Structures are given as structure tokens and as C-alpha cells.
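Here is the structure we will look at.
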């Protein structure tokens, strides 16, 4: 009995086992191979990720809702969705790293693959955890790997500074979270998330205590999703980290944060009214209002501070803060639609943000600069890159018919559906504000003349293919997004 | 008959879009005949499909003449729905036929007219795009999609008016059209968003489909509906060139003549009228909005006609006449006689397209000359142009038997009897009819008859236009002559086929009083009299006693130089009628020069890229965003940015303070 | 449980608590980082004592072995390797000091109030029994996955840390290359 | 003077105090390693909570297991943090957090 249960559980984490295997191979490579050789490491990483993606898809197909490892993780569409996002984003980051000039002279490519694998395992476990200990542990795995990745460029001042700030901020945030978790443990007498719900329903706790515990826990989660007031590390770290890693933080790490925060609230604070599709908040605190206020601040601050930025990575960092704000709108109402709206937004955001960062990296490879001013006349240096960048930026703004628009619409509708009009109005105004700084880049690319003596930017086959693979969904999902919606809807199911 | 069309309505706008895509993307590499074949072919195919839709609709019983073709549901979330669905009912099918039919003719005409232009393929691409946007506007089943078409025609008009952007005035005219339309569109957006929220809050259905709006509009309070109606009409004054936003239309003459014909006859300016007619169920519940529309329409009809009296540019005369005739249409829809308004829209499409194409033929023959003081006696050299032009003039003047007579009469009758109209509206309409008779006669006489005032060099080159240009003229002339008979008034003892066909669309609209035959005859008599008095007066001044105006002028001001016979009337009018009577015009001119030109100048600081699209993007989107966002936000960004000191411990302090504030906020 | 035992328990508690708090204060207040590090040593010992008082013998031992045996050594090594940091001023400027003090007081107030507010549901007094065996069983049954995950974390963290401090690349070469505009 | 029995609350207050001292440390110390020591104080405070709750509430040893894991993770975190500190020290010859402010704005 015991043994079969373990076998079953191991099958359910097959993608992680595949990734771990790839990581082990990479570690062996790190020990055996010459340090100058590293391309093979990427192939191993890519194969590992492809295997994990395949395994995740197979799990999706044969899905039976269950928990594994004695209720430590849930196997459900929600978790699988984020596991998929984890491995796909790491796949892209590996490909990006292969194209990156910054990472070219970095020696530890084998270790890099191993650390990225660790990141993937952490993220996938984060999305599946139904236990406070698991959440803490997987989040730490993800965080520690992120710290290493951010400071990965040896000798590079910016990368190191970013890494130091990141680990200091991150470990303090997680200390707060741990403290909050310990209080929740005191309330629930158990580490399972569902025990918290039971405790809330059975006893009345002082709302101050629950608020403090929630806020402390939220400090850790909010650090990952970059929400105000835990957002200030992000611009510095995003700017200083190597661009592929910045992308990983902006896309995967944020998605992981949303996965865990959604799972946390929907399992521990929210109960479905039996036999209906209607949810109620059973905790003694009005955290929905709290999140709504945070969402408003997050998007506003992100957008406003993005305006005066001169470094495009920094600008995109603020923009990603703003996007976290838009997604938090979905968290400030409770409904199945809201969850699926966030998932849809994350998917869409994945493509457009990855695309924007990728182009930033390609431009940096050639121009050795991340200054927005250097984008002057980019359309003359590379019409293709400029056109793709324009699509990504318009999509980030939320202009139809690009996918970003759909993401915003579903989130806004989920909020309107619950009568949260003021927040939607704030969000719409913010969208208008955001047009300013996105359009500034487009304006530079198309309307300003490049400095004398620039040569056309050559884009290789691999980068071009990567850009196209991101461009197609960004446009396609803007026009034909019903499949995406049904996928998100299906994936919003939590065990 | 032809039920298959119910699934293929989306092809109607799609075909011109495809044509535009091919011509804009690859047109410069295609031979010219391929470009024109694609352009004319695609729009003609749309016309054929629209006719098939019409035949299908007619074969259905009168109460079921409506179907919706949902090509694609873009967003369908709970009560919120946005998609590509097309509504075919008598109103949209009539509009569709007018738009695609007249557009086809104009496309064909352009083949000859634009033959030597450098940007041939781009021109046809824009023309197709224009037709696409207008067909989208007309056939859409929701205000949102209609708005897409609405913006589309605005954009295309900007592109086409400024088509010859090498000349700075042309570029300016395009810009002006764009800016003025933006002002109107702002009203439109406010209107439909207000409606959207008002309905959504009350019903939980967040839809902008006409069907959904119609079924929910009864729940919305009248005050809201009136505001919505007026805001939507503000949009219509922009698109359909009504007071005070008419100022862009006369300047829009800068574009190629077929474009003027397209804008004035088939697309763009009719959009406002169509929109009001389409929203008839809303306006039926907002009578005050209707009164506003009728009065604005009547004032526009009258004032534009007076301005038309003194214009010397052949196209400007026609431009003001369009503004005036659009005023008539708004009188029609404003007094609740929606089918009369649409009827006039249709007949006007025929004769105004004809007039513009005819004037294009004249300009073509005169090697670009547009001043009627330098024409005269063209009838012998341009027989087909003259004949068709005269037919069109008779139609617009409302001479009995021609198309314009029936439609104008229908409007004036309803203006008199409708509870939303009244004597004032009617009287302005009749006065405008007198003026129409006058300025059109003046135009015809000065252009085609009398002695030639051309300079000899031009006179040598005058020749009739090629067949691709004359055939469209003849087709339109036939329509202008007989097109009115489908809407003969009931006083003639026949059924009004046109009104009967459109009837079901407006069934829930405004109830108008029953007609009385003697009254109708009497009013008809008055309007005929009005038309003929205008014609007679002009004929006397410009053809019979050409000295009289001179004498009159001399009596009042001897400083006039006796340059050309008949010109004294213009001076007289501009001095004593237009200049004297119409303080309002000055006011409007003030509005034009200060607000509109100010806006144009303000947005159009850099002249170099004035016309190409990138320049417009820069100014409208980027600078506009800067201004809208305001310096406040930008400086707020600077202040908040200074908090980002780069010191990680400061960030932590901010996080803790922020959390403490959040805690106190939720606990208090 | 007799009154005496309770009093003894209380005395032990106050002893360890005082040791923890005082040495913790020294950790954050001392100007010399080496002394700070040794104060931390005492704090961690105090906390281990509290664990033992709470009947968590295994955790207490782990605290001693891992924290004092591992973490402290690491920290001391860190201090040694960045040797000139003795001379660095330990404290920030005054503004930060004030804000830090305020933040700490605010945090304590918040935590204190939330502790006092709750009617914690107590399950009665549990006798101190050896916990090594139950914890071992738990780790191999319920907590098998976290156990594995923690080992993954440890392995990768060590690999990464080792990579970061390995210095086989000539530092000058990497610093010279690239576009590090902001490099000092 | 009688000595009151030690209750859960006493342990919690001890941990709260330790936590706040840690907060003070991480916010005010300039030396990166000193900041890390502050973090350790905060983590220890949380661990005291976990073990205390494990003792006074509910069955099982969940809290103790959690504390155990937290200790292990803290070790890993410290190792990585020190690696970063040392590698930045190699580049800049300082571990003064006030000097780490080139990324800002």
C-alpha cells in the first residue's frame, strides 16, 4: 500500500524528476568537462525542459485530481498550468542565454543549467503546494536559485550589486513570511492550507492577528509578484541582472508568485458555497479590499515611475510592476472567472514581455546599450526588430487587436462582474498613462534619426525564430483567443 | 431567395479590405491595370453581394426582413459580448447598396481620372480601405464595430484628402479633417460609453449590440438617453459636417476629385445620418435630442446655402451644397421622419456623386482650373458632362420629376407636420431651397453657358473625358433622373415603396401624425415655387440681364471693377447678405480660425512630416498623450523616482512603512 | 506538575530569554563585526535552550549542530575573507537609524498586539517526550517530498555558491569586456 | 514573589522581541554580513514560534519539523549570501551597503 502510493506520487512528479535528471547530468558535466566548453550544457538543459514539458502535457491528458506525497502537493490543472509555464519559460531562457552576448564569456554554463533546473523544480512545486512548509521550501528553492542567477556574471559590478540587493531583500521578505506562517500554524494547528480554512470556520480569531499574519505572509508572496510596497527591489535587480535572467524574474518568478498567492487564498481563505460556483471569504479579515488597494497602488506607481526612465530594462521593470497591479485586480475579487482571468493574463504577459526583453537583449548585443535613446532610428537599422518590438509594446499597453488587450479585458470584466468599478477606472486611466512610455520607445524607433555611421543590426536564425515564436501568439491570441480562454478556464481548477 | 447570403455577409466588407491589402502591400510591384482591376473588382463584387442580400431580404415576409451574420465572436464573457456580427435589415441593405454601388462607380471613374498619378496603387488601396470602413460602419451589428468603421473612415479621409501632400495646403486640409473629426469622435465615444454603462448597470448585459440596446433602452432614464443622443449627435456633426464642425468639409476639396465625390456622396458624411437613423429606437425615447438635431440641421441647411452663393471654386460651391443638403437629411431624421432622411441620403448620393464627378470632368478638361469665373461656354465642348451635370442640378434643386424633388419634399412636409419640427424648421428648409436653386443655376450658367472666359491656352486643350469617366456619369445621371420614383409621396395616390420597405426598421421609432393630402399638395407647391424662384432669379441675373448686377453694384459701391459679368451679384451678396446678415457665420469663422485652426496649428507644429502617417502618430498619439497625462504625472514620476535611492535598506523601510499603513488602513 | 517544577521551568526560561535578547541586542548594536558574530553565537545558544525547554530536543540539537557548527563558521569565514570590513562604519546615517528604530518598534507593537489579541486554542500541556523518533518517521513518510526538496536546494545552493566564489578566471579580463558602463 | 508559570504567550513575546531586534539590525547595519546576522535573528524568532506552537497546540511535531527545515534552509541561504558578498567584495573591495547604490532611479 505504502509502496504503491509512493510510486504513484513519483509518477505525478515525473516532470520534476526529468528536470532533476537533466540537472544531475549537467552537474556531472560541470565536474568532467572543460570549462570553456558549454554549449552541450544548453542542449542537455533544453532536452530536459522538452522532456518535462512533454511529461506535463501527458499528465494534463491523464489527469485525475489528487494529492501526492501525503497531501503535500495537489495534482490539478492549476498546478500543471504553472508547471508548464515554468518549463516553457526556462526553455526560452536557455535559448535566450545561447543568444546573449553578456552571458557568452560566462564560464559556468553547466552550473547555470543545473541552477535553472532547480529554479524550475522550485517553481513547479510552488504552484502545487498545499502545505505551508512546502510553500516555504519551494519558494526558498526558487529564491536561492534566483539570487545565484542574478549575480551570475562574474566580475560584473552591476550583476553583483543586483544579486546582493536581491538576496538581502529576499531573505528579509522570506523571514517575514516565515513569521507569518508560524502564526498561521498557531491558528490552524497544522501546516496544511485546508486546516487554516477549517480553523477560520470553526473558531473566531481576532482579525488583528489574522491581518498581521496575512500581511506578513503576503510580504513574502508580494516580494515575488512585485507588488507595492514590496516592489522597490525589482527595478534595481532587473536592471542589473543579465537580460535572460531579468526575463526569468519578470515572467516565471512573477507567475510563481501568483500561483502561490492564488493557491494560498483560494485554499485557506475562501470557501466555495456548496453546489454553486460562488465563493465566499471565510477569514475574519477583509483581505479583498486590502488587495484592491494594493492593486491600485501597484499599477499607479509602476506606471508613473516608468515614465522618467532612460534605461529600457528599468522601464520594463516598472512596467512589469504595473502589470502585476493589473493582475492583482483579478485577485481582489473572488470568482472562478477571476482566477482564469489571471491565468490568461499571465499567459499573454508571458509572450509579450518575453518578446520585449528578448529584443532588448538582441539590441544590446549589437549596440552595447540599454539606453532608450539608443533606440533612435532603430527602424532603419532593423525594420524587423522594430516592428516586432512595436507589436510587443502595443500589446503591453493593451491596444487591440494584440493579446495584451484581451488580457486586460478579461481581468477588468471579472472585476466589473463583482461591482469593483473604481478599480477598473483606475486601471483604465493607468492604461492610458502607460501608453506614454511605451509609445516613447516606438517614437524613438520610427521617428528619430539614428546617429551617424550605424550599421544594420543582423539578427541570426535562432533569435529570429524565437522572436517569431513569441510574436505569433501575441498577435494570434489577440484575434483568436477562445482556445486560450478555455485553456485558462480549465486550468483555473484547484483541487 | 439566396439564403446562402446569410452566412456570407462578412464578405461584403472583407473584399474591399483584401483589395486594399493587396494594393497597399504589393501594389507598387503590380502593373496598373492589375491594380485597378483588383480595386474596381473587389468593390463591385461587394456591390453584387449587397444586391443579393437585398433580393434575399425582399423575398422574406415584411416583418422578418432581418438577419444577423455572426462571423466571429471575439470576446464573449458572461454578459459582455464583442464580435464581428453583421446586421442586414432594410436600412443597412439600402445603405450598403448606396455605399458599394456609388463607390463602384467612383472607383471606375478614378481609373481614368488618376491615370497619370505617381501613387496610383496607393490611391486605390486607400479608396478600397475607405469603402471597407464605410461598409463596416453600415453593416455592423454593434456600436463598437460601427465605431471601428467610424474611425476608419476618418482615418481614410485624412489619408485621401492629404493624398497630394506635397502641397502644404492639402496636407493642412487633411490634418484639419482629422482634428475636427477627433473632436466629434470624442462626443461619440462619450455617448456610447455612457450608454454602455447605463445599460450594463441596469441589466447586467454588457453589450453594444443594437438588438441588446434596443431591448434595454427602455430601462434607462430619459435624461441619460437625451445626453447619450446629443453626445452621439456631436459625433455626427463631425462626420456629417454640421454646425459647428462643418469647417473641414469645404477644405477637404484639396483631395483628388473622385475622393471628394466619395466623401460627399457615398461615404463619410452620410455616416452621421445613418447613425441617427440606426439609433432611432433611442431617439424615439429622447425627443429633446431629436429637436436639437432638427434645429441644427435646419440652421446648417440654410447657412451653408448662403455661403454657397458666393463661392467661385466649382468644388467649393458643391461642398457647401453638400453641407446644406446634409442639413436637410438631419431635418428629416431630426423630426422623426427617418425614412425620409435616408431617402434624401440616397438621392443625394446619386446626384452629388454625379455633380462631383462632372466637376472632375470639367477640371480634367480645363487642365486643373477650378475657378468658375474662368470658365463659361463649356457645353459645346463637353456635351456629355454638360447634359449629366444639368440633370444632377435639376435633381438637387428639386425640380419636379427629378430625384431630389421627391426626397426634399418628403422632408419638408414632415418638417412642417411633425411634433419635433414646426414652422421655423420648415421655413429655413424652404429658404434653403430658394438658395439652392440660385447657386446651382449660377454654377451651371457660369460654367457651361454664356461666352467663354478661358485663357486661350487652356481653351485649346478642352476635350471630353475618356469612357471610364463618362460611363459613370451617364449611370449616375439616369439614377438622378428616375431614382426618386421609388419614394413617391402618397399624395400622388401611390404607395411609398421606399418608406414601406424601411418601415419595419423604424417601427419602434417615432409616431408621426397621419398625413393630410391637401396640406401635402400645398406644401409641395410652396417648395416648387421656392425652387423656381431661386432658379429664375439666378437665371435673370446671370443669363438674361447681366448688366443689372453691375448696375446694382455700382449704385452701392463704385469701386467694383467690372471684371466679369455677373460677378457683381457675388459682391453684392457677400457685402449685404452674407457679410451683413450672418453674424453667425463670423462666429463660426471665429470658431474655425481660433479653435480648429488653433488646434491644427497646435498639433501641427512641424511642417516637414505634416502629412505622412508617422508624423501624425507622433503628434496625435505621443504629444497628445503627453498633454493628456499632464506634466503632473510626469513630475510625480520624478518625485517617486527619487525615493528609489539604490539603497536596499531604504527599500525595506518603505516596505515596512507601507505595510504598517496598509494595516492601519484596513483596521480603521 | 508541581509548583516547583513550574518555577524551575520559569527560571530556566527567563535565563535563556535574557541570554537570547541581550546577546541579540549586542549583535545589532556592537560596532565590531567580529564581536557581533560572537554575540550571535550566544543568541543561537539561547534559542537552542528555549527549544530544549519546549521539549524539542532534536531541533535544539540541530540548532547547535547546524547553526553553531555551520552557519556561524560560515559567517566568521565571511568576516575574515572580507577582512577590511572591520574598518567600515557599522551603522548607517542617522536618518536610517531613526527610521530603523521606528520600524522595529512598530513591528514589535504590531506583533505584540496580535499575540495578545488571539484566544490561542491550547491543547493542554504536553509532556516532554523524545522527539527524535517521531521526527525521523515524519521525515520519511509525510515529509518525504520536503525532505527531498531541501536536499535539492542544498545541493544546488552549494554548487552555485561554489561557482560564485571560484576565481579561476582572471578577474581583469571579464571586467574589461562588455558594456559595463557603470563599472567602477 | 511568586513566579508565574510560563505560558505560550511568553514564548511568543520572546520571539516577537527577537524578531524586532532582527528587524532593527537589518535596517540599520551598513555591513552586509551584519545584515545577514540580523536575518538570522528574524528566522530564529520564527522558529521559536513554530516550536512553541508545536508544543502548546495541536497534535504532532509539524512545527518542529518546519523549524528543522527552516534551519537547514537558513544555512543554504547564508552560504549563497556569503558567496555573493565575497564575490562582490572581489570586485569593489567593500561590503558596505551604502556603496551599493549604482542601480537606482
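The letters A, B, C and D name the chains in turn, as written, and every chain counts its residues from 1.
Everything that follows uses one rule, which is that a contact is a pair of C-beta atoms (placed from the backbone, for glycine too) under 8 Å apart; a residue touches a chain by one contact, two chains touch by 3 or more.
All figures in this text were calculated on a predicted structure; none of them were measured in a lab.
Visitor: Of the chains shown, whose Cα mean is nearest the mean of all protein Cα atoms?
Guide: A
Visitor: Greatest Cα-centroid separation from chain B: which chain?
Guide: C
Visitor: Using the average of all C-alpha atoms in each chain as its centre, how far is it in Å between chain B and chain D?
Guide: Chain centres of chain B and chain D, defined by C-alpha means, are spaced 72 Å apart.
Visitor: With centres defined as the mean C-alpha position, give me the chain A-chain B separation in Å.
Guide: It comes to 50 Å between the two C-alpha centres.
Visitor: Distance from the CA centroid of chain B to that of chain C, rounded to the nearest Å?
Guide: Between these chains, centre-to-centre, one finds 76 Å.
Visitor: Distance between chain A and chain D based on Cα centroids, please, to the nearest Å.
Guide: 27
Visitor: Hunt down the residues of chain C that sit against at least two other chains at once, touch-wise.
Guide: 92, 96, 99-100, 103, 107, 110-111, 115, 120-121, 123, 143, 146, 150, 153, 157, 160-161, 164, 171, 175, 182, 184
Visitor: Using the touch rule from the top of the page, what residues of chain B touch 2 or more other chains?
Guide: Residue numbers touching two or more other chains: 641, 644, 646-650, 652-653, 656-657, 663.
Visitor: If a residue has to touch 2 or more other chains to count, which residues of chain D qualify?
Guide: As it turns out, chain D has residues touching two or more other chains at 19, 22-23, 26-28, 35-36, 47, 54, 57-60, 62, 65, 69, 73, 76-77, 80, 84-85, 87, 90-92, 97-98, 100, 102-105.
Visitor: Looking only at which chains touch which, which shape fits best: line, ring, star, complete or other?
Guide: Contact map by chain: complete.
Visitor: Write out the stretch or stretches of chain B touching chain D in their complex.
Guide: So the residues of chain B in touch with chain D come to 641, 644-649, 652-653, 656.
Visitor: Hey, which residues of chain A end up touching chain B in the complex?
Guide: Touch residues, chain A against chain B: 164-165, 168-169, 172-173, 207-208, 211-212, 215, 219, 228-230, 232-233, 235-236, 285-286, 289-290, 293-294, 301, 304-309, 337, 406, 409-410, 413, 416-417, 432-433, 435-436, 439-440, 443, 446-447, 479, 481-482, 485.
Visitor: Which chain C residues qualify as touching chain B in the complex?
Guide: Per the touch definition, chain C meets chain B at residues 92, 96, 99-100, 103, 106-107, 110.
Visitor: Which residues of chain B touch chain A in the complex?
Guide: Listed in rising order, the residues of chain B that touch chain A are 73-75, 77-78, 80, 200, 206, 609, 614-615, 617-618, 621-622, 625-626, 628-629, 633-634, 636-638, 640-641, 643-644, 646, 648-652, 654-655, 657-659, 662-663, 665-667.
Visitor: Across the complex, what residues on chain A touch chain C?
Guide: Spelled out, the residues of chain A in touch with chain C are 6, 9, 13, 20, 23, 27, 30, 35, 68-73, 101-102, 105, 107-108, 111, 114-115, 117-118, 121-122, 125, 133-134, 137-138, 140-141, 144-145, 148, 151-158, 179, 183, 186-187, 189, 203, 205-206, 208-209, 211-213, 364, 368-369.
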